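Structures given as structure tokens follow.
Next come two complexes, and both contain chain A; in the first it sits with chain B, in the second with chain C.
Now for the complex of A and B:
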């Protein structure tokens, strides 16, 4: 493949830390069918990491992969997936991916690589230096024990100020399953930090002077870029503002488009006032303020600006400056992040000292971001915090933890909602100190194993939001009824899928959403309003399939599934319709090879099915339906006893969910009894080799019987 | 402009200014000191000294103004510059500079207080071409006179047909704003996109504006040491206009 091919960089970099060997492969030759990103990761794991490999074994591999659209100006790109045998997956680690934004993925492309595969284990701490064609394994002894901030600073001094560093902190060094890798201050891939630590890999630092070529006509490309910008909404592709304005026909208080004219970035020097046309393409960055959305209006005065991934105009990582935290807790006064990671600190408390959006809550967020993003400790979508609270509030720790250790933990600060509690608990977990620190560093499954607590005690308690296999729900029935439930059954960690919830929560009135749904998924019955559910139907299953396929596609192309797909838009003159073919149109222009929506979706389905195959193989189990695609009991309950399908409850019905799974398996071409792809299905997706290997192993529905 | 015509231009300029037919070099200096932009009124965007290859470029009409307090570090400006002009996404080629400053600011990864960028106080100090007034360091350094005024905007632009890729312009720019296109083997710089700068259009935070030109070369220090990159022949030509004051009869 010529070095100047479009979209793809053309090369996959392999670094074997056991032997020191560095090699290059041709991306298109090996991996064209799986595109890149997580697809490439799954393929490597299938081909090269045998079933039964443990996450911290040298035989496990880490696949850092960008995607064909990464490094371009396609809005909302810049994502890297990190695919590996995922350590927090319980009771048995299986394939999983962390996802990180920031600047790492783009820099890898400019250096000339679509992916980096790390193999083996170094015999002492090392870091990988990548500067275009020059790749070296360098000694990291001087960095071991340092946090991610210092590591980034020192490696940048060594390589140059434009380099991007992906590093682990103490949590990863300690091989904590809850360790993560971070680049660009706040952009983290959860769960994979410990795998890096087990390989003695402290960091990967990249500089790149090369180009991502656009093979197609550059005027066409510019036109499509501008079109995409014109149909963007705010964060999570919420397409109406959260505030009433004469500029918009609709508004929705729950929308993440919070940038109301009159607000300002209060901690900028001088403050920046939000003003003017909210649809102005030169003002997209003012629509979103994650801190204001999650912490309330008070956060505006601490907001410096937005930040985020290369080329994304949304800037969902809000940069905050809170001077009081330096005096009170001895930490820097600046931090940035979004969603759960922004709230890492606050979520440890039942109720922060002065309410959800008060000063103590904001300070707790600052302390949490500082510690978690420096020591590299993952939240597992907030499950870490919920677990700690349940263990304490439920009396588990009082009875199970040794009295000396129990007394050493500042529970009084926890009770008072004092952010200083975090100065103890976060390092305790990252450093795996004592029994509590160690158990929590291993993920929720370790709680069940270590203290012999039945999983059911979590699975029956809706306040834990526990789902299965050691991980929580991630946009399930609380957002999207049967569609959300289906999606949450499919992965080995939390689902990390936002295709469905972005649409459902986009803020448009239900009748307009249903009209759009009819055009995209075949019927207005494809969705209900959250909490006002109707029985399962084939259209909801179709939408679940679309959601999953597009999530894998985004994770393969390197675009952000927290923003896409872009099927709804803020444009009233389009009937609020977006464009369901954007991914394929961009890929066609970038690569110069025409691919339509259906063909690209088939590639997405291929990738998703490969994940299924890996799960089946590594579980040694063909019956996915009863052994893997699980739904926790709390989903089928309501605290007030409301019945399913009554307005105001998100309670689902078991028979209806069983039907939903039937419909989903049917649409996927999978065996209904087992939820496993048939040999024929594998073959039709170009996964014949995979299907054959599973058939031989009696792990297809036909051979397993 | 052909060399042989240069004295003719000076004569024209002198007549237009009412300074008489045999304008001395000193007179030309007086003329141009009054208003360099006056050259435009004479239809002279560029003028050569009699001992060429000295180049005097008329001032630019517009420039890109960058506000660091609005920059959100997305690099869409860099990408628009190269994708829409060159057909490829390549920040190292971009004619507006973000990548080298976004993480730690122009001072680099020093740590401590006062550091800018994502890892410091958050300020992104964008690197933007100042479209320098005379003497234009990059144009003056170029042995081929490949850097000329672009008619629509007055931007100083590299003519890739003339550039031989010697990189002297890169060394001459006090703000290190010249890029080098490794594929084509020529230098390139901000040419203001024929009056509709792509970076300005692309910025999602309104941090860039296209505004009337003013001299920014005296605001804030340059990024690198001022190595004078001027060939001896050009330097000698400077003395055509730059002569000691008070030694002539011209008032």
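Now for the complex of A and C:
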């Protein structure tokens, strides 16, 4: 199909920075089977980036991709994936994606493109200007050395106020593997900033005057949008509020739905008092205040408003105004972010000066956000901060760093929880200054390599939360037992999967969760209460598979896996059920081509399997089970010596996890001995060419034996 | 006796309950009858039904100026009307009265909190037990300082002391986390080790985003 009937923009833009050539491809003809987003990125890497390519080689490609639902009115559709050979993957770089929200993805679609593939390397700093059909490679000499904010401002002034700029800061320019790209001021994709820097690509700025066509019936579309809004909860699809309220049967003090009537956005002018119906679909944005959730109730008085991504009513990027940081640290008094990035500064400290929610803690967050989001330094899901703490507290630095460099670091400020410490350490890392700055800028694997520290010293220590391959766990056994473990074995970076944890943490009583689980995954036993784990079973494996497939689907469609899936809801009249077919219903209406849940899940599985194939190819290794799908030792230990399956421990049992992996591989149709897809499985998913190439390379289970 | 169902009076009575739930407030039969009388709709109820046996009536629902027997009769008939109204629920309050609410507007959870607001010990104890039984989880003590509980630290301390001394509350106990937070749970529904685990987990969730 040469032209799109809806959903897809229809074109993929290619920019070769080595030759200056700019080209266009048809999206659907080449990439429809992998939908878009990370699926498209994986396909490009499979087809065009040979095994053994390094992340900073000109032959590596950067695939900025939106999805078919991006730029529509589907809630939470602002996601762009940036797929590449991922530089922090250790001991060898492998495929990975950074993900960013904001408005870059939608603008790319409005300009007429589903994806931008950046190839080669410019011989001098450049930025890419996209204004609908007009695409230019422009000189960025005047921007090189600037932070992201200045770059964004300058390019916005040059292009006009309706452009979106995705830029790197000093970390990316310095080709730090821990560099990130940021669009719309605070929306980052980790780990890919250095790849941009290696290509001499300072920024991509996009203006788009088009729209995304919806092929299906408009009334049906609007009805489905309204329905989706009606099943939204708060941040991370927590479907019950954190406080008892007249309209809610259930509440959960740990819920991220914190917008209780009577609370105020105290730094707004004038302050905004939260009032009215918490279920009002026009007031969903008031449910979430990430700062109040993560930093404590004090943050309400610093809150200006919620900010966020295209068409997302959740607004998880909380904008804060803290005047004292300008006086004390010489930085702007406004900043916004969510989750780890909101806590970037605070997490460096074992204990901020005045406790969790105190002024110093909030100031540390402000200083951290200011520096990291301007210099473009990624946290690797907090591993950067945990690494520094372990290196310092464990005495590694004292014995390994030169005494002069060690003395140059203001450890007294670290010890006192003084946010001024961040003014030293963050630029040190982003600028790759000195031995410590350089090692930390390269990611956790560099710590092992550079200082000859055995990986096991991290992998045995649960306080590091280190998982494998240079990356930490991301919602593993501590949240979801075997399901979390399986998910964390599958990627080459931290898993970034929220399908499972958003369900486990949705706030509903266990019995209701188990009832919903029975309807979706076939048995209430698909789910355990946290820390009350029962042995592995096939339903947990099914849920792990579903979680991974939905994550890949979200990354391919451009909807947010931090907010979805939406299989639970706040609606008591639905028995708190959400809708497991939402994604396929939206895609069908957007494209005008009917696709049911099963078929779309198959597409998700195809994408996930392509990621697996790329990993196998680039590792040159078919035995994923013992060489890739690893679980750190701390998972099999309990600080108090509690046995697995006793109430109150997240300790897993090695034999049970082996069984869980068996069940998972079996459900995936993969070979149990190697954890690799068979040639037949590749073929059945429409990846026959991929399977054949791996067979020739003796990288399928059959050929490898 | 008025038949149950869709009569204008029955619907008006249900609407009166909904109105109270919107505030949010629990409604007794007396409250509903007063609201109906205000609107000129309650006269039929205020008139005694011939041959009715008064012993079913609830004398606490007496409207001003009505004779006790007539009022009791009215309350009983109102109760019968409300019993079969869709979307209206009832329970016996701590005071012994039957109270009404519309769960769509005022959930049972919140209704029970409202009912116990004047009895802090019952309020705290039952909330702890419900959380321990249904979710299951311990609750942070600071929960009771926030709306809708709105207890001061001193009141909470007094409640905890009273429960510690009261035989009926010996299942209510606490677990302290490593960062000093205190969580309350009922040993009828949660074992100490598990409650301590859940409390620790709850306190560290923000560091596991």
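Just so we're on the same page, the second predicted complex is superposed on the first by the 701 of 705 C-alpha atoms of A that agree within 3 Å, B and C clash if a C-alpha of one lies under 4 Å from a C-alpha of the other, contacts with A are read in each partner's own complex, and residues count from 1 in each chain.
Throughout what follows, a residue touches a chain if its C-beta (ideal position, glycine included) is under 8 Å from a C-beta of that chain, and two chains touch if they have at least 3 such contacts.
Here the structure is a predicted model, which means the values were calculated and not measured.
J.: For A:270, select first, second, both or neither according to whether it touches chain B, chain C, the two together, or no partner.
T.: first
J.: Applying the touch criterion given at the start, work out whether A:510 contacts chain B, chain C, both or neither, answering first, second, both or neither.
T.: After superposition on chain A, A:510 lies in contact with chain C alone.
J.: Touching A:244 in the superposition: chain B (first), chain C (second), both, neither?
T.: second
J.: So in the superposed three-chain picture, is A:649 touching just chain B, just chain C, both, or none of them (first/second/both/neither)?
T.: A:649 contacts chain C only, not chain B.
J.: One more residue to check, A:343. First (chain B), second (chain C), both or neither?
T.: So A:343 only meets chain C here.
J.: Looking at A:529 after the superposition, I want to know if it touches chain B, chain C, both of them or none. Which is it: first, second, both, neither?
T.: The second partner, chain C, only.
J.: Looking at A:252 after the superposition, I want to know if it touches chain B, chain C, both of them or none. Which is it: first, second, both, neither?
T.: So A:252 only meets chain C here.
J.: Scan A:326 for contacts with chain B and chain C and give back first, second, both or neither.
T.: After superposition on chain A, A:326 lies in contact with neither partner.
J.: Using the touch criterion from the header, give the chain among chain B and chain C with more contacted residues in chain A.
T.: If we count touched residues of chain A for both partners, the winner is B.
J.: Which residues would you name on chain A as touching chain B in one complex and chain C in the other?
T.: Touching chain B and chain C on chain A: no residues.
J.: What does chain A use to touch chain B in their complex?
T.: The contact residues of chain A facing chain B are 71-73, 103, 106, 110, 149, 152-153, 156-157, 161-162, 164, 184-185, 208-214, 218, 221-222, 225, 229, 268-270, 272, 280-286, 304-308, 310-313, 315, 319, 321, 334.
J.: Tell me, which parts of chain C touch chain A in their complex?
T.: Those residues of chain C that touch chain A are 21, 24, 103-110, 113, 134-137, 139-140, 143, 146-149, 179, 191, 193-194, 196-198, 201-202, 205-209.
J.: Under the touch definition given earlier, write down the residues of chain A that touch chain C in their complex.
T.: Of all residues in chain A, those touching chain C are 243-254, 260, 262, 293-294, 339-340, 343, 347, 356, 475, 478-479, 505, 509-511, 529-532, 572, 642, 646-649.
J.: Report the residues of chain B in contact with chain A in the complex, numbered from low to high.
T.: Per the stated touch rule, the residues are 69-76, 79-80, 82-93, 99-104, 108-109, 111, 118-119, 121-122, 182, 201-206.
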